[in-house]
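Each of the next two complexes has subunit A plus one more chain, namely subunit B in the first and subunit C in the second.
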Partner chain A sequence: MNEIEFLSWVRGPGFQIATVIFVAGIIIRLGETLLLGRKANLAEAKGSEMSSGLRTVAARMLPPDRETFKRSTFTIVAGYIFHIGLFVTIFLYAPHILLIKDVIGFGWPALPSQIVDAFTVVSLIALLAILLHRLTDKVLRHLSGPEDYIVWFVTIAPLLTGYLAFHRLGGSPVMMLAIHILSVELLMVLFPFTKLMHTFTLFLARWYNGAISGYRGVES
Partner chain B sequence: MTKDLSRQDRTLGEALRGQGISRRSFLKFCAATASMMALPPAMIPTIAQALEKAKKPSVIWLSFQECTGCTESLTRAQAATIENLIFDAISLDYHHTLQAASGHAAEAAREAAMKEHDGQYLLVVDGSIPLGNPGYSTIAGISNVDMLTDTAKGAAAIISVGSCAAFGGIANAKPDPTGAVAVSAIIKDKPIINVPGCPPIPGVLTGVLTHFLTFGAIPELDHLGRPVAFFGQSIHDRCYRRPFYDRGLFAETFDDEGARQGWCLFKLGCKGPSTYNACATMKWNGGVSFPIEAGHPCIGCSEPHFWDGGGFYKALSMPTGNVSENAVYAAAGAAVGAVAVSALNRAKKKKATEAHEEVTVDDLTK
Partner chain C sequence: MSASLEKGIQALKEQVDSSVASFFSSCVHCGMCADACVFYTETGEPELTPITKTEPLRRIWFSEYTLIGRLMKTLGLAKRVDEQLLSDWETLVYDSCSMCGRCSMVCPVGNDITEMIRRTREGIAAAGHAPEGLIGATQRSVTIGSPMGVRLPALQAQIKHIEKDTGMSVPLDVEGAEYMLLLSSMEIMNFPEFIEAIAKIFDKAGATWTISSEAFEATNAGIQIGVSDIAATLVQRVVDAAEKLKVKTVISPECGHAYMAIRWEGPNLIGKPYNFKVRHILEVLDDFREQGRLTLTGKESQKLTYHDPCQIARRGGVIDEPRNLINMFAENFVEMPENGKMNWCCGAGGGVASIERAEDLKLLAFKHKKSQLDAIHVEAIVSACSTCRMQFEESLEEYHMDIPIISLTETIAEHIAEDK
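Take a look at the complex of A and B:
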């Protein structure tokens, strides 16, 4: 198979397979969690579950209190940097918006490509620093398993290969573009089976934390 | 004693002088060709010498499943009439469109040339070869595949002109009704130079021929058998609209403000980033323009299977198939699956409660 055939495959059947696994996997995982239901709480509700839940989802998007921030400064700062970077590079870059528009039917304005480029570089640095931190911190190293490293790899691979493809670095540009698309498909395929599901489950978790507090009439 | 200047015996130099080409024009052509092939100026005298002495090589041009666009492109070589004269000076012994003879006389001319210049003639092929049923394309009752294998036997080298001969081309596109294949799929024992493009740029072919005449060898080829001198760089890397791509300024439609300003055509489906050809540098019609400059995205015509790349107006970042349909089916199926899985989980939980046993998340299906 030559380069062009490989590129056509990742743009064609490869993407179809990855999308099916991605969509089906997420719906099954979320579905089986939600449909399990909760035990009936026989105590009287002292406040609203829903409003406290939603408030908590919003509140925990922002940096935490001073003490927590001081204790985990690196994790919080680096985490914010690469998450925002991922958001910008995936959803505010013109060629990606075209892809999304093709799948869901609508798009939105893009940021200038050089700005996206800058975000990419900063995110790559943040992710490398995070890996270093995970390897050097005693506790983290003890807790980390294969899944953690695999997930780190499938997160940084699209960023790195996308950067290389845009700048026409790393050998054949056609091959680099094909590898970039393949790395995204790998991410999509592993998504429902790893901790990457936090993308969706975090909303459930934060809502639940807020809800149980709100039910009892306390602040979450 | 006057030299017999009948066409068959003249060297290239004699032929050109006979046509009234001045030495100066001839050297200018050699200089232009040297620069096109990225050779140093010191090579110009070598090229001039070699071309001067070159005996008009016999060239047999076989046309198979083609649209004749490649011949049309070549005959539009208007840069310098010297290119046309090069062809005059090359003994083009067989060519469907350009030859005067037809029928048995034409086939006889081909067979005579093959016999007389056995092992030395250049075989040029345009059009794909149908293998699904050899009867799909025949010349004088001879199938393409038979004529190709027969004629290739005594050829010094083969030039596959156009994307059809080089890669299969339009006939090879889905659903490939004739089983069309490239020359390289059939001939395995002769040097083959692929000169793809739909059609190829005329100057590219004359450059390849000049290289062959000068050095008696085929030029450096890339992994797809294309001369690196002309196909070594992508359109994207030489495109004059590249600064707009780098800044993210794209034309959204064919006649919007961006299009009028000459912005990047990525969103309109330009395949420049994945296409290797000389269009952005040599350009067309004697250097006048090329598709992107004229406002149309590159269709990637010098790459294999460009017809099946998802569509000329689908951007490179878009999937080639219809993904949303499959995504909806996947979602529907998954919803059913999730309900089934949770039904099982609930049943398990209920049974445990009745038996006064505890059930944890680990006991339930993951």
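Take a look at the complex of A and C:
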């Protein structure tokens, strides 16, 4: 298989396989979670489950109270940076929007590629700092297992290969583009079966947290 | 597999629902829960990170309730829950967690980690790995009716003392009273002033109340140890007594987990809603205040603060009421740097106080509270939980801090206007 054949495989069958696993996997994971169900609360309510749940979904998107922020500054700041960076690079880069338009039928305006490039660099630095933090902080070392490092790798790989391909570094442009797409497919395949699923399940988790707390009259 | 391990695994399985599955699916191992936990901040031991304490439940969720986990279990690749794990986790879920709920407030993905630990306790207790102190307290609760072994004659003796000293009556088994008061054994034995305070306040407020001779104990060791069957039995006793005496409202006293047990977990444990209300004593007093039935006289000029008991405030929803009440008599009230739903735990709740081997850890955990107190220089601390109160008394002495800790209800009683 030469470069061109490799590129057309990752663009064609490779991408299709990854998409099927990604979509089916997410549906299975959300299904097996939600179908477990939950008993209704029989205690007399002091607040609403629904509105408190929704409130917590939104509230935990924002920075926490000042003291919590002070205690976990690095985790919070670095976390925001790379999540925003990932969002911008995935969803606001012109070629990505074209691809998405191909799949779902509609697109949206892109950011200039220089700006996306800047976000990529900042995200790469944040992710490297996050790895260093995970390797050196005693709590994170205690919590971390192979999955945490694998997930870190499959998250940074598309960013790095995309950056290299964009700047025509590290090999032939065709090969670099193919490797970039392959790295995204790796991310998609692992997504439903790792902690990457938090992208979707955190909405459920936050809702339950807010509902449990809000039922008792406390905003969480 | 031994019978006890089987029971433990079964109990854990029963705890998995869509909320637990969402929580485990969402954890990204960020470690922020550690910074919210007194047992981590005061020891610096990463093993005490809250989410770590849920590992037995996580393994059951993963290997039994996810497709990939079941596949891995079939291939022998999933991590198993064995006797060793449950035994190793005993100290993590009991000695070093007070169920304070602070971790649940900071988790960025929204996991209610405290609830997850509470559920993990069910499995560990069912497998026979609960701490001796808690097992003893639970057994005494079931057989005698009190975790401290307090029987009716002891309560009657205290009542007699109070009636003799004050000339007021403490009604026992009065059918049709509006309120039925529950008491913690600690209040009966160590702080009987609380009963006296209730008699005085309710008399002035013109409210009828009673204590049931059949169910006067408020605490629920079944909740603390994590055995739902026993917790339900203890709740049912209160329900039966309240129905028998036809009261409108059951009052949970100044005790944190008692409120969690009877107010929030109770109906779910027995599987049906109550036909009476349950209120914390501070809610009742705040109602009296609002209705103009609470007239106080004299002010406290000393600098005061309020310690929020976790199960009453963050986990229970009683946050504004104590502040409304304190404002009635305090001239110089200051909040701790983090208060209300973000207050720091005293370190003794959730059963920790009943575990003898956790004594040193409990004192160490108090250091966070100490640093909060050091920041505000108060002359007295007001609170509303007997366990907090005991912990403060012991710890303040240990750390040579000469600050009294007083009960909010008792302080209100001291300021009740005599002429009505």
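What we mean here is this: the second predicted complex is superposed on the first by the 220 of 220 C-alpha atoms of A that agree within 3 Å, B and C clash if a C-alpha of one lies under 4 Å from a C-alpha of the other, contacts with A are read in each partner's own complex, and residues count from 1 in each chain.
As a convention for this text, a contact is a pair of C-beta atoms (placed from the backbone, for glycine too) under 8 Å apart; a residue touches a chain by one contact, two chains touch by 3 or more.
None of these values were measured; they are calculated from a predicted model.
K.L.:
After the alignment on subunit A, I want to confirm one thing: do subunit B and subunit C clash, or do they fit together?
P.N.:
Pair status: clash.
K.L.:
Kindly classify A:56 by the partners it touches after superposition: subunit B alone (first), subunit C alone (second), both, or neither?
P.N.:
A:56: touches subunit C, not subunit B.
K.L.:
According to the stated criteria, A:114 is in contact with first (subunit B), second (subunit C), both, or neither; which is it?
P.N.:
A:114 sits against subunit B, while subunit C stays out of touch.
K.L.:
Given the touch rule stated above, what does A:205 touch, subunit B (first), subunit C (second), both, or neither?
P.N.:
Second partner only.
K.L.:
Figure out whether A:218 sits in contact with subunit B (first) or subunit C (second), or with both, or with neither.
P.N.:
In the superposition, A:218 touches subunit C alone.
K.L.:
Quick one: is A:43 in contact with subunit B, with subunit C, with both, or with neither? Answer first, second, both or neither.
P.N.:
After superposition on chain A, A:43 lies in contact with subunit C alone.
K.L.:
If we overlay the two complexes on their shared chain A, which of subunit B and subunit C does A:20 touch? Say first, second, both or neither.
P.N.:
In the superposed model, A:20 contacts subunit B only, not subunit C.
K.L.:
Check the residue A:32 against both partner chains and state whether it touches subunit B (first), subunit C (second), both, or neither.
P.N.:
After superposition on chain A, A:32 lies in contact with both partners, subunit B and subunit C.
K.L.:
Taking the contacts subunit A makes with subunit B in one complex and with subunit C in the other, which residues are shared?
P.N.:
On subunit A, the residues that contact subunit B in one structure and subunit C in the other are 28, 32, 35-37.
K.L.:
Which residues of subunit C touch subunit A in their complex?
P.N.:
Listed in rising order, the residues of subunit C that touch subunit A are 16-23, 25-32, 34-36, 40, 44, 46-47, 49, 51-52, 65-68, 104-112, 115, 263-268, 271-274, 277-278, 313-317, 319, 337-338, 341-342.
K.L.:
Could you list, by residue number, the parts of subunit A that touch subunit C in their complex?
P.N.:
28-29, 32-39, 41-44, 46-47, 56-57, 60, 64-65, 67-68, 71-72, 75-76, 79, 137-144, 148, 193, 195, 197-198, 201-202, 204-210, 212-213, 216-220
K.L.:
Show me the residue ranges of subunit A that touch subunit B in the complex, using the header's touch definition.
P.N.:
The touching residues are 2-5, 7-8, 11-13, 15-16, 19-21, 23-28, 30-32, 35-37, 93-96, 98-99, 102-105, 110-114, 116, 168, 173-174, 177.
K.L.:
Show which residues of subunit B lie in contact with subunit A when the two form their complex.
P.N.:
Going through subunit B, the ones touching subunit A are 223-224, 234, 236-237, 245-248, 250, 266-267, 273-274, 303-306, 308-310, 314-321, 323-324, 326-327, 329-331, 333-335, 337-339, 341-342, 345-346, 349, 364-365.
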